[in-house]
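As structure tokens, here come the structures.
In what comes next, chain A is part of two complexes: it sits with chain B in the first one and with chain C in the second one.
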Partner chain A sequence: MSRRSLLFMPGNNPGMLINADILGADTVVFDLEDAVALDEKDAARTLVRNALNTLTFKHSEVSVRINPIDSPYWEADLEYIVPAMPDSIVIPKASTEAVPMVEQRIEELRAKYNVEKEIDTILLIESANGIMDIQNICKSSKLFTGLILGAEDYSSDMGVERTKGNKEIEYARYVLATAARAFRVDGIDTPYTDVDDMEGLMEDTGFAKSIGLGGRLLINPRQVEYVHKVLSPTAEQIEEASNILTESEIAKKQGLGVFSYKGKMVDLPVIKRAEATIENAKKWGLIK
Partner chain B sequence: MEIMKESVSGTLQSNDCLVRVLPGTEGVDLNLSSSVMKQFGDQIEKVIMETLIEMKVENCKIIVEDRGALDCTIKARVETAVNRSNE
Partner chain C sequence: MINSVGRNGLDRPFEGAFANVVPAVYEIKKDRNNKPTFSKSLDEVLDRLPLKDGMTLSFHHHLRNGDYVLNMVMENIHKRGFKDIKIAATSIFPCHEPLVEMLEDQTVTKIYASYYSGPVAKAVSVGKCKDICVVSTHGSRPRAILEGELKIDIAFIASPAVDKEGNISGSDGPSSCGVLGYAIADAECAEHVVALTDFITEKVEKIEIPAFLVNEIIELESIGDAEGIVSGTTRITKDPVGLKIARDCATLIEHSGLLKDGFSFQTGAGGTSLAVASEVKLLMKEKGIKGSFASGGITGYLVEMLEEGLFEELYDVQCFDLAAVRSIKKNETHRKMSANEYANINNENNIASKLDVVILGASEIDLDYNVNVTTGSDGIILGGSGGHADTAAGAKLSIIVSKLVNARISCLVDKVMTITTPGETIDVLVTERGIAINPKHADLIEKLKEETNLEILPIEELKRIADELTGIPKKFESTSDIVAISEYRDGTVLDVIYRVEE
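Up next is the complex of A and B:
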């Protein structure tokens, strides 16, 4: 999927929902969980369903975060949302119990309402057990295309305070990034909560990128541009990827499995990385 | 569907509307006010009435204060208020 930005939008705020598609995020996540008061859950799921049924989303993939399975809301959330055909569902508090339950219900509802469109899931890992058990959680899923780290709940579960340097979540970030790469899904970092500190956001996102996380949850539309700056390939990287693919075609015709580009050896992993760079650059509108 | 008790949904924020439904006996009694009444009053009324028909609500008093909500928002707020009146 290659999602760089997933922008949270409170599910019961019509003003934000109707503007969601013009904010530039790769994915907008309509939230039925933490951003919605307990006595407004019914209003939020009805509003999000009607928005999905009525509005056209041309620029962003649409996802919906439902409530967790230990709440009384998740089944009604799915009953309303699945027929409205979002692109994906975010499963909070992902566990080997929650993921199969939710995914089975999604498939049952698709059959019940004749929904031909496939609906992916994105798993929100937000506990110490979630990090320890991440491999089994991934194996328990049939529909997931992404893993998200939810650092606020994770830190709370760990009994540690969140700090500016994010040292306390470093291990969880490495684990989630590795699992995402191993299962070939998007690795999505936790939100950067200081919405006025764009320099800090870019620096922290740069670290996430350096360890293999290709996407980030966002809580403010102003963060989209800055995260895209960090997580998109540069013009130089796109040009180099394009050149490598051209040279690769020439080498293939000559029967060469490995060739040299600017003095460096190019083999299959490098070619695959170049292909991914070009594919993403096209998807994100960086090249035609 | 019968309106059993008074219920409310929505807000008075921009792009939203506040819907209040109450039990009634003689058809639908709609009281609508909107910041865009002149331009869209007829359309808003149509959405409200169609939603009530879809939900098989034949008798009620409904008060709608609109703040520039889209049709999908008005429909959602009416649906929620009606469903809450039956809880």
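Up next is the complex of A and C:
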């Protein structure tokens, strides 16, 4: 998995669900939680299930954010959604209690409905405790392929104001980025909430990238292309990765374990990174 | 008689987009020493004019939905009890609602216009007009007038600015609309030319209609409502689906081989069209491309591109917004053009035929690439060609941008209800779910598949995708009574429009 963009959409908006696949996001997340009012929970669940069953998703992975385990909705959410086979489930308020509970239920429902497709989870870390306990939360999960920082709830838990500069969430971002790298899953940053400030979005995403976060949660489809601009490898990086792989093939034929490229020693981690760059570039349509 | 696109072509069947081109040079047979008479009363002027039943009166639509002139004149004619009047307006807008009553009592019995919207369009659709109306193109109208096919008895020209000599310009005064491109042929050929103005000044710059063409000038309190004349600004869409279409369209243009120095371009004022212009602008800047011209109805967006040096000239037949109105006064290279210069098929130098790329819309498009922008899914007239058919035929690459599925209705159908623009002149359809390219461009299809990640699909496949989302709608049943014809740019009948039940 490598996700640059996870685009959130309210699960009770048919017009948005229908167009979800064409908006360019690596992942679309149909939300059954905060974006849906209490008296719309049933409708959203049915609508998302029907969307998964009837629409074709060719361009984006599809994920569903269920309601948290301290609500009365999460089990019904899973009961409806798992048989409709999304690619993944976003678990809100991830904790060492919530993650195993939800994942166990997913596995039970897969067995019950003969769902062969594997469904993975993405953990939404959105509390002070979530950040403190992140390593244990990760260890408690069997299915996760990504960590998301939910900075709105996190900062509210911290009792701090959100500011434009995002200083107040810097620590949480570093922790989440490090945990994601340590567990080899996607590190996904919190949404940038000013949907008209594309320069700010790009600058802030540039910072996220610089500390190791490779993806971002988005709340407006117009943000997709700007986030991709920042989080995709550049043409130069792709070219360099491709050259390294070519040289590596030559070196392999000559029986060499390491070789030098532009005066720098190339070893296995560099080759692996180059392979990942090319694989992603292909997946994201940056090269043919 | 069935025409070459399989529709009823009446006695002048369409035979192909370029089957009837007869290059022409027009000579204006008016006395160059003529001087107009100035007065302050419409009544007084109408008293002097040889009014009669059955006459043809012409109007232009540059004041758009803020126009007072058509209603003012027609209410007076109505009051005088004339019958069987033919109206040759360039377009009909919602503000022209008073005409409905005049259709009902047969004061007016025929309308000839390039675009119809609002209550009059509906009245024509439900059969309130006695004779068959004509939905022409912006290029066909001046051709018909200049070649004597459409004879105008009196042209009433809303004139935002008139000078002491009687010269007319659209770019001054409180009802300034920028350009009067659609009214020029009327002024050149009508038996009598009456200019109605609310602004007389010492001297007008950039004269559009010279004084010798004008017989009467009437100074009135007001000829239009500034609010309805031009929109304050035209804006790029924020709709992510429209933006996706625009991005893919720009990528297609980039790889079409046409985006190079000398590039020429036309696009409408719709949000998606402007978004295409915005993407094309970025590409031109990035690649250092200097275009030759942009044309058509001009928006502030194209003005910005002119002012940034991305185009050498703008050719403007109609200003869409205030920025365009302001620009045409101050920018030398923002040029006014007449509808004849813009799009007349028989005028060899028409600007439309020099276009590289035009971006157009569609309310329906069919598997033969025929486009309908004339009638809605309920059969009622909701527009008309305007310059659609003219520029589609003229441009090297005509691109339709449209949502494949909009409000649960697919734009792709087996057969369009009304053919506005024949499929042989449409090259590409760009939708949010894929791009269909007219099979006659096999090389372009190959090139795009090789060089881009654009989703190029056969049009049948795109239709299948749409049908999957929307289901197949029940066929609309109209009556068999003809209320209007869809006239092609050469004057032939491309299609007929049937009456719908009220």
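Just so we're on the same page, the second predicted complex is superposed on the first by the 288 of 288 C-alpha atoms of A that agree within 3 Å, B and C clash if a C-alpha of one lies under 4 Å from a C-alpha of the other, contacts with A are read in each partner's own complex, and residues count from 1 in each chain.
What we mean here is this: contacts are C-beta pairs under 8 Å (C-beta built on N, C-alpha and C of every residue); 3 or more make two chains touch, one makes a residue touch a chain.
Predicted model only: the values in this text are computed from it and were never measured.
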{"item": "Touching partner for A:Ile18 - first (chain B), second (chain C), both, neither", "value": "both"}
{"item": "Partner chain(s) touched by A:Lys288 [first = chain B, second = chain C, both, neither]", "value": "second"}
{"item": "Touching partner for A:Ala51 - first (chain B), second (chain C), both, neither", "value": "first"}
{"item": "Contacts of A:Ala43 with chain B and chain C, given as first, second, both or neither", "value": "first"}
{"item": "Which superposed partner A:Leu268 touches (first chain B, second chain C, both, neither)", "value": "neither"}
{"item": "Which of chain B and chain C A:Arg222 touches, first, second, both or neither", "value": "second"}
{"item": "Residues of chain A contacting chain B in one complex and chain C in the other", "value": "18, 55"}
{"item": "Residues of chain A that touch chain B when the two form their complex", "value": "13-15, 18, 42-43, 46-47, 49-51, 53-55"}
{"item": "Residues on chain A engaged by chain C in the complex (per definition of touch)", "value": "18-19, 22-24, 55-56, 220-222, 224-225, 285, 288"}
{"item": "Chain A contact footprint on chain C (complex, rising order)", "value": "238, 240-241, 243-244, 247, 405, 432-433, 453, 468-469"}
{"item": "Touching residues on chain B, where the partner in the complex is chain A", "value": "9-10, 13-16, 69-73, 75-77, 79-80, 83-84"}
